[in-house]
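Below, each structure is written out as structure tokens.
Each of the next two complexes has chain A plus one other chain: chain B in the first, chain C in the second.
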Partner chain A sequence: MRVFENWDTSLKIPALFLLMMSMALIRDQHLMPLLPCIAAILFIASGLPLSLLLSRFRAPVVFLLFVSAFLMLFSEGDTLVRFGPVVLKLQGVILAVNTCVRVLSVITIGIIMIHTTPLSGLSAKLKRMLIPHILVDIGIMTGRYIMVIGEDYSKMKTARKLRGFVPGKSIVRRFGVIVPTAATLLIKGFQQSERVFNAMRMRGYGSIAADEGRNDAFEKPSTASFLMLLLTVALSVLLIVLEITVETA
Partner chain B sequence: MHIPDGMLPVEICVAGYAGSAALTWLCIKKARSSSEDSARIVSRASVMAAAFFVVSWVHIPLPPVSVHPILAGLMGILLGWISFPAILVGLFFQAAMFGHGGFTTLGVNALSMGGAALLAWALYRMLRRNSGERSVLISGFAAGFAGVLFAVIAVGSVLILTIPSYINAGIEVSAVLAMAVAHLPLALAEGVFTALVARFLLKVRPEMLM
Partner chain C sequence: MKNLEFSFPLQELVLKGVDLDVSPGEKVGIIGPNGSGKTTLFLLLAGILAPDSGFLSILDSPVRTGRFNSSLGFVFQNPDDQLFCPTVKDDLGFGLLNLGYSQVEADSMIEAYLTRLDMSDLSQRPPHNLSGGEKRMISIAGVMIMTPTIVLLDEPESSLDSRARRQLIEFLRNSSETLLIASHDLEFLLETCERAVLIDNGRICADGSSRKIMGDEPLMNSHGFEKPHSLVPHVEPHHKI
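After this line comes the complex of A and B, so read on.
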């Protein structure tokens, strides 16, 4: 299914971001089951592989383990279960489960947002979303140079190994290898940034004439894109209204 | 160290974005007023953000393990005012590529890490008396060490203080302190790493040190 790939980026990103924020608002345990249902339906509709989702969950799950342990052990309230000196509190367990469900659901929407956004024309579309031009330019160029400098790092590691500069077990030896590696990468980055600066100036970056000369043709988003925007906004508003209603009840 | 999506209340996320927007605007304005034009800001922030992104893949030894450095202090020393927008963009790519941090919490994470970089830079400038090697080592160590601690305290405070009220306030404060103490070995390792990198750069490309 290419539902999300065909959704215009300048509408998709704000809509899904709003949905993430509205899901992050949910605190009531009765509304919590809605979040993984919404996330699961959208994830299936996106057609993204499950392996991607599981790989992206690794870092947050470690974080959530620590947070959950803290919540379960140090919350006040009724005792749920006691293992010798270790006491798990009911309110803490509910809070830990709610937190995990909410965090993983919101992360799923973020993964859909990023991994269904094509790179072509991204710069123009981000600028139409009123993100400052300078930040968009920094972002696009950073993405490009992560690949370039990442390749340089791989080559350096290989060259280092071939010359026998392996970190080894001693801390002094390890610092003796990683410090020059890191510093050399930074020096290469600095020199590259100077070349990029000269190239940008030669191409007239920042001048009014150069900006007027950019002809990013404006493509009006399709009706389907607007419909999906409306549906997503309606879902976000529904979640917000439900949370406020339950809170005030 | 980075707060994932869904952890924080929406009002904190919105405040984080507002604060980051204001600080980004201020940092770019300060960078421009020290005669950096847009092209230099974009080229320096983007390519150095990419370089730091890759350097964060280098493992610092912390027996019995190795850890990824945070690099807030080093970024502050090398990029100055531009460190904040560079960190903001770097955090976006960490969230997009590895799932570290989040998109709704990007503002808060940027304020924690970017704010730590700027504070570390201020500390570096205060402590660096001359362009001698000893001065660079001491100020570099202080910046690296402080960068980690500032970031941990900021993140820990935001997390603990936004947890609902089932938790005793005294325990909340103890938890933040415990996080800071648990990160002391990392702060020491990163202080040493930053000092040694700064000394290397002093010998090879001294103009890189702000």
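After this line comes the complex of A and C, so read on.
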């Protein structure tokens, strides 16, 4: 299914972002089951593989385990179960489950947003969303060159190992190597950023021709894109209305 | 350029009284040892650096530091400095959009260019996933697609395998732009440039036909170069004709 991939980026990103925000606002436990249902339906509609979702869940799940343990052990309220000195509180368990459901649902929507948005043309589309151009450029460049920095660091680590460096237990020795490595990467990054900026300028970035003479043939989003925007906004508003209604009831 | 001089802050002169005229359509090889001023010369021509003294012009217009000149293209030594967009297609389109082409026009030109290079399948690839040769060809394409009149290439053949190197030689030979190519690969320059300029210690030491300059063994040796193998007289012929 290519429902999300065909959805115009300049409408999809704000719509899904709004949905994520509205999901994050849900507190009432009666509405909680809605969140994973919505996330699951949207994930199936996206056509993305389950293995992708599970791989992206690894880091958040580890974090959530710690948060859940903290909530279950240190919340106030009735005791649910006791294992010797360890006491699990009922309210803590409910809070932990709600938090996990909410966080994983929001992350699922985020994964759908990122993995169904083609990189090509992303910069132009983000700028059309009235996001400041300089922020878009910084974001795109960061995404582009973070890999390069990662590869450089990896090569430096290999070079260190091949020259007999073993981290060992000494924190001082470790810092004595890591700090100069980080400094070198920072300087290299700065120097490369200057060269990249010169290369961009050489191809017209920031020129008067680029700013004024641009003949931007703005492709109007399709009717289907607008419909999906409306549906997503309606769903987000519904969630918020339900939350307010249940809260005030 | 006339009597061009340049030095970095608090350092000695890198270029000392350089005079150079290049005619439209010429392909000129710039040879020189490391630190001789080749890249600095290109940075001055591109308007990235300002000369200390002297005169620089391109197509009869003075070079203005910091100003974009659509008639000049510069291919940097490291392709990673030049491939800064998320995908190959975006990178090729970057310059075209800055020149005022619409997205539709740019897409059509990009498709035609990639087909010409037989690299259409790379269109959606992130640049960091390309091989060294692919990065080099795409970085050159990103400049050439803007149809500059003059192109500066700083060691374009570095880190290319023999197949990619041959592809690049054919591409440059068939291009109609005025080319200035800085390189240590003398055989590469012999195949692509009819004229060679030898720079050493910030001065032009020789300027003339590539075969004549590079065939002058005493001249080449005195500046730390060896005569290219293809210009060495052979007792037993073993080259393909």
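Assume the second predicted complex is superposed on the first by the 199 of 249 C-alpha atoms of A that agree within 3 Å, B and C clash if a C-alpha of one lies under 4 Å from a C-alpha of the other, contacts with A are read in each partner's own complex, and residues count from 1 in each chain.
Everything that follows uses one rule, which is that a residue touches a chain if its C-beta (ideal position, glycine included) is under 8 Å from a C-beta of that chain, and two chains touch if they have at least 3 such contacts.
The structure displayed is predicted, hence computed values, not measured ones.
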Can A:Met21 be said to touch chain B (first), chain C (second), both, or neither?
-> first
Is A:Gly110 contacted by the first partner chain B, the second partner chain C, both or neither?
-> first
Of the partners chain B and chain C, which touch A:Ser123 in the superposed model: first, second, both, neither?
-> second
Which touches a greater number of chain A residues, chain B or chain C?
-> B
Which partner does A:Ile138 contact after superposing on A: first (chain B), second (chain C), both, neither?
-> first
For A:Leu235, select first, second, both or neither according to whether it touches chain B, chain C, the two together, or no partner.
-> neither
Have a look at where A:Tyr205 lands relative to chain B and chain C in the superposition and call it first, second, both or neither.
-> both
Chain B versus chain C as contact partner of A:Ala96, first or second or both or neither = neither
Can you list the residues of chain A that touch chain B in one structure and chain C in the other?
-> 140-141, 143-145, 148, 192, 196, 200-201, 205-206
Can you name the residues of chain C that touch chain A in the complex?
-> 43, 46, 48, 66-68, 70, 72-74, 76, 78, 80-82, 84-87, 89-90, 94-95, 97-105, 123-124, 126-128, 142-143, 146
Counting only contacts in the complex, chain B reaches chain A at residues 4-10, 13-14, 24, 28, 37-55, 57-61, 63, 78, 85-86, 88-90, 92-93, 95-96, 98-100, 102-104, 159, 163-164, 166-168, 171, 175, 192-193, 196-197, 200-201, 204-205, 208
Tell me, which parts of chain A touch chain C in their complex?
-> 118-124, 140-141, 143-145, 147-148, 151, 192, 195-196, 198-207, 209-210, 213-217, 219
In the complex with chain B, residue positions of chain A that touch it = 17, 20-25, 27, 55-60, 63-64, 67, 70-71, 74-77, 89, 91-92, 95, 99, 102-107, 110-111, 113-114, 132, 134-135, 137-146, 148-150, 152-153, 167, 171, 174-175, 178-183, 185-190, 192-194, 196-197, 200-201, 205-206
